[in-house]
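Labels run A, B, C and D following the written order; every chain starts at residue 1.
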Amino acid sequence: MKISKVGLFGKFNDDNIGDTVAEIRQLLQHNNLKVLLGGTTSTAIDGERLDDHKQPLAELIDLAIVVGGDGTMLSVARNLAKHNIPAIGINLGRLGFLADIAVHDLGASLRAILRGDYHIEQRTLLTTEVGLQNEIRYRGDSVNDAAISKGNSGRLIEFEIRVNGQFLSHIRSDGVIIATPTGSTAYSLSAGGPIIYPTLPVFIVSPICPHTLSNRPIVLDHNAHIEIASMVFAETPANLSLDGVIACKLHGDEVVRVRKAAETWSMIRINQHNHFETLRSKLGWNE
Amino acid sequence: MKISKVGLFGKFNDDNIGDTVAEIRQLLQHNNLKVLLGGTTSTAIDGERLDDHKQPLAELIDLAIVVGGDGTMLSVARNLAKHNIPAIGINLGRLGFLADIAVHDLGASLRAILRGDYHIEQRTLLTTEVGLQNEIRYRGDSVNDAAISKGNSGRLIEFEIRVNGQFLSHIRSDGVIIATPTGSTAYSLSAGGPIIYPTLPVFIVSPICPHTLSNRPIVLDHNAHIEIASMVFAETPANLSLDGVIACKLHGDEVVRVRKAAETWSMIRINQHNHFETLRSKLGWNE
Amino acid sequence: MKISKVGLFGKFNDDNIGDTVAEIRQLLQHNNLKVLLGGTTSTAIDGERLDDHKQPLAELIDLAIVVGGDGTMLSVARNLAKHNIPAIGINLGRLGFLADIAVHDLGASLRAILRGDYHIEQRTLLTTEVGLQNEIRYRGDSVNDAAISKGNSGRLIEFEIRVNGQFLSHIRSDGVIIATPTGSTAYSLSAGGPIIYPTLPVFIVSPICPHTLSNRPIVLDHNAHIEIASMVFAETPANLSLDGVIACKLHGDEVVRVRKAAETWSMIRINQHNHFETLRSKLGWNE
Amino acid sequence: MKISKVGLFGKFNDDNIGDTVAEIRQLLQHNNLKVLLGGTTSTAIDGERLDDHKQPLAELIDLAIVVGGDGTMLSVARNLAKHNIPAIGINLGRLGFLADIAVHDLGASLRAILRGDYHIEQRTLLTTEVGLQNEIRYRGDSVNDAAISKGNSGRLIEFEIRVNGQFLSHIRSDGVIIATPTGSTAYSLSAGGPIIYPTLPVFIVSPICPHTLSNRPIVLDHNAHIEIASMVFAETPANLSLDGVIACKLHGDEVVRVRKAAETWSMIRINQHNHFETLRSKLGWNE
């Protein structure tokens, strides 16, 4: 992969990171890279923007540098996946699972990338569809997870989980999270799910506060077609969230189908990168 | 305690339990007890009703017999607490933690009660107040728990827990449950809380899917004044639920104060009653 | 696969299952199958035995039928793996995860197998080696798990986990379990590990009662080389157990290496078999 | 309480803390306190020792200052309980739940104590007896917990828990921990138990890796008589540990009885002490 044009994606609409963006742009230009600002970057920050161009993204940039936290990274990753553009995440002070490069390490990381001392990690995305009878009411992709949760209700919800058409279980709980390995250290972890090495070909289905104490997280093949159906909500609609953003309301008669997305997203990893170091630091294992 | 008048509280608005109610009434009348139907009982079921009388409840009945599940029992218990009338719970087939007497055992239980072979368990109630500046916007009691949960949001909420004015912790989670020992086997258990013997003078504070994995359930003195404050909700209002029913919306600038209610409620226990037997059966320990 | 000779492996040294063994043998012979009794079968039970023959096992039998519980199945599976002989498990009344066919269903299952209505599930085995300096002190295989546990000590042990030579974490705990997907529903589940679909290419590393609450189970690639090293035991030697049987004592200066075994074992699954049904039944999800 | 004589208990047999001990002694003597070295202090450290005197401890010292970690504190506390001498814990750099005063804060804490600006927290101890038929084979006290664990075995153990003579549950697990509130942040926490405010009148019974997933920690009255009986150990004896030290071997036919000790131990708390601060720091809630 030859890298000559870089998209610089700033933290969503954040006006205060202008200096950091300027500093990174300067560093990139010093390395003879053309820089275009990505759509998440606040328009208050000066610079030529991707949006000024009509061409497909893949013709405009070879690499995306995301400057923000894991949230910005998730949002950019979902968009880049279909263009097959690799991304790298720079954090603004607080280490992220995805934005795991400190600003002051960007120079060294960039040199490593430019000399080819990197590899690409293909990360799985989820495609979630909400079907009602024969119609598809909603379709969306997510990097971390798809979650169904009870919404404005004090009571638990009920639903069935089916895997490749087979009945897995009937659950009464606050909801359920279907997570990729990337998402295993996000919401699913809080719900009791395991940590999963990011490139493994699996999904994890984690019930949220299940009534039956033996309803434990289940690791399934990432080729599995997972369905949440026969939903019963006591009081009000439930919510489907993708990567922590509500995607649509559920009324109970829908079927929510979750499967591996057609596209993956490409995370650039310089070869000395160590995922375990991030784990130790984020989860406080070093003390 | 002399028992001569009994309030019979049927499952909330359920028309189908007329035969069971009739059968129980007959049994009670055979034992020379006067029977009045309580407010939860469907008006489609015949009989003299408590609502037909103007006197205070404590003059009308000496004992409440609740025929339903734990939900009906919770609702009746909240109301009886201030009148100091003891209650006993009959289930309609499915054993409850509170409604733990089978219909076919009612005769024996009743004889035991009438011959004085029982004791009264005082169960703690919670009083929850929602304060905004110097005003109290909401006040309500609950038997099991008070829960703050994130509502229609895909993101976690943030809040502080204070105990007797002292800062305990800052939590990022889906919410938090403050439960009585009675409620320890309900929602709190699903959230990872311990089982608490029902008459112990403690509360349990269980975070729901906390982001920080060491935010574990905490058992506090039931005289503690617990405050949830400095709440931050990403998208939409959060909910305060009492015993699984939404009591009010929270916007973030309120302080939610939870403490022991002034009244307790009295649960009649025939002396041969065994709480551990209910635990084993409900939690599947017998297999 | 043509099946004409069957090894019948009875519950280890159990004299009381003679009738069941006789009944099954009769059924097999009715189907024109030659039957040889496997080594686990009590010698008090009559019949021609595999041990009476000198040939390699693969020449003597095409299929192993194990009559016992999961324990017997584990033991037979370890032995059959190197001979590539598929096995099927019949339970003696109590459903197992491996011995999941009831005696009274054996006839139907057998007919399905004989007409080819089955598939073979390849299940991963673990090979565990205990190295001391350049020497290998112990090597053994297991179907469910390899566990290091503290032995006769009231204190926790310390150790490092390394994956493919990289440092993963330093743990202080009662021990650690490395489990296959098959073993995910055994000891690892009790230690808080997830349920893993049996054929997935992963291992799970579950710490036992870790001191640091964020030391959660981790799912790794089944090609990973996992090392437990830098072990510190306060008082007494620790134990390495394979499938719940102590394999050797550890003194702390060893390195325990766990990786996928060269052989897998073959589990026969009639096509209508449903793993989820076993999960639901074993974990009490049906109630 | 008038304080004029202080026992100084150093970390068990540690020769390297001579300087710290000397420094603390000097501080105490400056405040006109007589100092005697307690039995845990290494004899390589100079000074008049408690062991040089024949009188009962209560006549020799008014206060114990423990310089070490929680382990030293546990050991001193068990001994002081019967003499009713209050203790305070100074840590050697690493904050403890009990040894929660930094050396450099000792001056301020001491002044607070000398001017009466403190209160005494009564902490419950456990008395554990091992009975065999009508004989008591072992009796010992503990501050944190009594634990039964499986010893040199790869298999789980079985036992019954009885409370005040009533059957609570039959458990199959790696063992069980009965903990005081003080011990709730030690071993029990690792096994999934809740955090309990230190002065509450309860015990917690936490199974260790229970086979049945609904066997959750149970909080009981501290006046409860807890019995572990009908023990079945597959291979080898199990262990009874008190505060992490093996007290005796168990062969299965014993009954282990755990109850509140006759004595409590007195922990001195300067009034500005904040238990929650220690919790936050020890459990990493501050980040």
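A few points about this structure:
Convention: a residue touches a chain if its C-beta (ideal position, glycine included) is under 8 Å from a C-beta of that chain, and two chains touch if they have at least 3 such contacts.
Bear in mind the structure is a predicted one, so any value in this text is a computation, not a measurement.
To find the repeat of C-D among A-C, A-B or B-C, check which pair has over half of the same contact pairs by residue number; it is A-B.
By count of C-beta pairs in contact, A-B exceeds the other of the chain pairs A-D and A-B. Separating the centre of subunit B from that of subunit C, both taken as means of CA atoms, is a distance of 46 Å. Between subunit B and subunit D, the centres computed from C-alpha atoms are 36 Å apart. Computed centre separation for the pair subunit A/subunit D is 46 angstrom, with centres defined by C-alpha atoms.
Subunit A and subunit B have centres, each the mean of its CA atoms, that are 41 Å apart. Contact with two or more other chains is made by residues 189, 192, 213-214, 216, 283-284, 287 of subunit A. Judged by the touch criterion defined above, the protein chains are all mutually in contact, each touching every other. Subunit A contributes residues 147, 149, 151-156, 173-174, 187, 189-192, 208-211, 213-214, 235, 239, 241-246, 283-284 to its touches with subunit B in the complex. Of all residues in subunit C, those touching subunit B in their complex are 213-214, 216, 284, 287.
The residues of subunit D lying in touch with subunit B in their complex are 163, 166-170, 181, 184, 189, 192-197, 199-202, 204, 212, 214-221, 274, 276, 279-280, 283-285, 287.
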